[in-house]
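The structure under discussion appears below in the form of structure tokens.
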Amino acid sequence: MISFLIYKTILVIVIFAVSLVVAMYSTYGERKIAAFMQDRIGPNRAGPFGILQPLADGVKMFMKEEIIPDVSNKALFILGPCIAMLTACMTGVVIPWGDAITIGGEKYSLQITDINIGVLYMFGVLSIGVYGVMIGGWASNNKFSLLGAIRASSQMISYEVAMGLSIIALVMMTGTISLKEITEQQAGGNWNMWNVVYQPVGFLIFLICAFAETNRTPFDLPECETELVGGYHTEYSSMKLGFYLFAEYINMFISSAVIATLYFGGYNFPFMHDLGLSENLITILGVVALFAKIFFFIFLYMWVRWTVPRFRYDQLMNLGWKILIPLSIGNIMLTGLITLLRQKYHF
Amino acid sequence: MMIKYIFYFLAFVSVFSALMVVVSKNPVHCVLYLIMCFFSIAGHYVLLNAQFLAAVHVIVYAGAIMVLFLFVIMLLNLNTQSEPHKSTWLKFAAAITSGLLLVILVGTLKGSETMVMPVGNPNAGLIKNLGNTLFKDFLLPFEVSSILFLVAMVGAVMLGKKEIK
Amino acid sequence: MKSLILLSGLGVLTLLSEIFNFKRKIFPVVLLGLLGTIVLSAMYWNTNKHYFNDMMFFDNYAVAFTCLISFIAFAWFLLSQNYFNEETNLTDHFALILFALVGAVIMVSYQNMSMLFLGIETLSLSLYVLAGSRKNDLHSNEAALKYFLMGAFATGFLLFGIALIYGVTGSFNLQTIANYITLNSGNIPALFYTGVLLMMVGMAFKISAAPFHFWAPDVYQGSPLVITAFMATIVKTAAFAAFFRLFFTCFSTIESVWGNIIFVMAILTLAVGNITATYQESVKRMLAYSSIAHAGYMLLAILAMNKFSAGSILFYTAAYSVASITAFTVLSIIINKSNNEAIDAFNGLGKRNPFLAFAMTVAMLSLAGIPPMAGFFGKYYLFNAALQSGQTTIVLVAVLASLVGVYYYFKAIIAMYFKSGSDSSPVEVSFIHKLLLVLTLVLIFAMGLMSDFVIRLL
């Protein structure tokens, strides 16, 4: 019992720390990539290649003066960024970061908990994530903040629907909503492909919705600076602002992990069981593979951000309700049809 | 034993937050307490081994419906002053009637501890069993509820759309 | 069951008609569909079919009420023909009404409490919206909001009741619950009784029995007239049929628990409905209170709870609905003409259009319960059923109440024949309305004459 607790605690801390570090270096990566795409150099002062820049930013955030507006609702003003940060970190619990590692005959799974409603849990956490933005924006008692909060929440609710529907098609195919089982089903061999091969439309919808849910460009209307100053975090300063910004990067990391798990085989990599490697090595290589996939998607986020312009608000809503939702319903029906035909004709 | 304490904790949270929903002056606080209440109820579902229900409860109620609530309240910018004043008599009557209801409800619990409860399948809340129940025993209500949702949708569209002259 | 599928299909068809642009042709299609529903359900007479794990049970009671509801709906569509011509959201209205009918059919044929709940919700949800369908009219908004809030609250009670009963018996099935009561008589936990009472509260709200009637007058007055007619006839019929079905199948053996409460409720409803109706100026509001009063009469059948009850409820609801449809038709013509729903609008109608005045008179007399109209026989059989179970007190109260009722129904008649209004131009009646009025008038008399036959159906 005690060893179990210790192992889980260590796992939680490691995953938490990894999320933070990845998020930190995403900010660095973002700036470097932006610089590359705009033919600039980007941060290069703090350390070699500016590698210490995120640390410097962090210190700056902590050191800045902390301002809580007089007319704001203080408790809620503080609660907002806390919720944003909390929900950002919560999803990591159900993601299978790797297969089990065997130490001294004991198997230690690299997933914190394999609840049998993994996908739904992820979804539940996602759906409460919107409160961080809403509460913060409202409590600031600032019109721009409120508008940003309202935009954020309506956007997130709208895209949640399409996202859920796209996952339903996937779940119909896999027959389980445990993330661990979904990953295991995608293990290599015997022409067993990653889910993205079977669910290309679902993957696209999910990807677009993930962009919207993380409030990333081209869907970053809640904080679009040309219209709303800073959006929902206009009034925030110091580390509370840092929390919001940080939560966005953690969300990016986690959603990339989810995409990789659901559609790109998670910690599986091609020929993983054909190379004659030891179990532990396969697990470690699996973790590396998963992170490679994650980094690719984080890169995709940034790539899109610096190439695609921002949508107009009505375009955003039209895309969500009039294109993505019908499309995902069609995808569900198609999946159902094919599942039925497969059962009947065994192919 | 552990589960017993968790139950008491959750029960306390749900009752406390439900009370705060009624007592709070600020409508936004009310909504936030209600969300808290929903979370603790979802916790109860988990204790009853109905994880699917718990997750759906959080997604649908806390994640969607309450957001809309919060949305409307934030836009209306309700505050304590705009609440209409109710007459003392009305409050008095309301207190008495709801007090009576409380007495009745608490009274019914008397003797229920010795009651023989029908025992169902403890795993009924798991997603597979739930699906089987829904699509076998309760197929008709399940399908009829789609009519119910269609009605709600048609109604919402009708009330929402502009009058075309 | 086939009738249910036909109705739902019809609802979906009306929605599709908006897309494929055959809006104008949908009216006759709906009328035909309703006739088809009557035929389809009548074909199942005496078959007693169970459907889907006993979710629905089409016994004769269900079949009779399905036919009745479809027929009233048919008449109602004729009545509201003008209304639909002016309406911009035509298809939405049709669809909502048809889905409400689906709910009503479920409510008269359920055998499982989950179906009861879904039926009630489908019916109510459509009506919440329809009550508020005049978006620019404050009264309509008020009606919708009031109806919705109160209705949701009542549904909460109903659900709580269902949950408690499920907790004790472990079943939603009416027959299983009834068996539970007979098996465990004597040591049923209090939880069960509370469940019964809470369900009763929920149902009493739906039939607008006092003291749960407060929503009714405002909602009836604020809603568009044809929607009020729908609520006063079809909704009331369905709600009552559901109430009776629940109590007759499930709780008839524990009458000692709820008998007294319904007794008090019936007296209150009779008193409040009839007495308040006497000092109403608006005819629409008067009809609202009269519909409350009629709920009071119908409660007698539940109190009686014997083999005559079902038949007398069927007859009473039929008689009441037909008379109400007549009254609402006349009222809608008058309102169209003078844009005034006060009782003065009827002044001199006897000269302006004798046919309309005659129709209104017959409707009022039938509602008041004057022989040889159907309403009289309806009351007669109800009172008879109650007397068979020894409920003398309540019958006495009901008779007194109907005497009060005569007073306000006659107010309209007096206005039509003995008062002269400022406007004396003749009132024109469209062909369809004439047809409808003739049909209902014939029915009011015919039902009076054939009452024995209808009663023996159930």
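Order of writing sets the labels: A, B and C. Residues in every chain begin at 1.
Going forward, a residue touches a chain if its C-beta (ideal position, glycine included) is under 8 Å from a C-beta of that chain, and two chains touch if they have at least 3 such contacts.
For clarity, every value in this text was computed on a predicted model and none was experimentally measured.
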Report the chain whose mean Cα position is at the greatest distance from that of chain C.
A
Tell me, please, which two chains come out on top when C-beta pairs in contact are counted per chain pair.
B-C
Going by C-alpha centres, which chain would you call the most central?
B
Measuring from the mean C-alpha position of chain A to the mean C-alpha position of chain B, what distance in angstrom results?
29
Per the C-alpha centroid definition, the whole-Å distance linking chain B and chain C comes out as 31
State, to the nearest whole Å, the distance from the C-alpha centre of chain A to the C-alpha centre of chain C.
54
Contacts with two or more other chains occur in chain B at residues none
Residues of chain B defined as touching chain C within the complex
104-105, 107-112, 115, 117-118, 120, 136-141, 144-145, 147-148, 150-152, 154-159, 161, 163-165
Considering only the defined contacts, which chain B positions touch chain A in the complex?
26, 28, 32, 35, 51-52, 54-56, 58-59, 62-64, 67-68, 70-71, 74-75, 126-127
Across the complex, what residues on chain C touch chain B?
8, 11-12, 15, 51-53, 55-56, 88-89, 92-93, 95-96, 99-100, 102, 106, 112, 114-115, 118-119, 121-122, 125-126, 128-129, 132-133, 135-136, 164, 167-171, 189-191, 193-194, 197
Any idea which chain A residues touch chain B in the complex?
73, 76, 115-117, 120-121, 123-124, 126-128, 130-131, 134-135, 138, 146, 149-150, 153-154, 157, 160, 164, 177
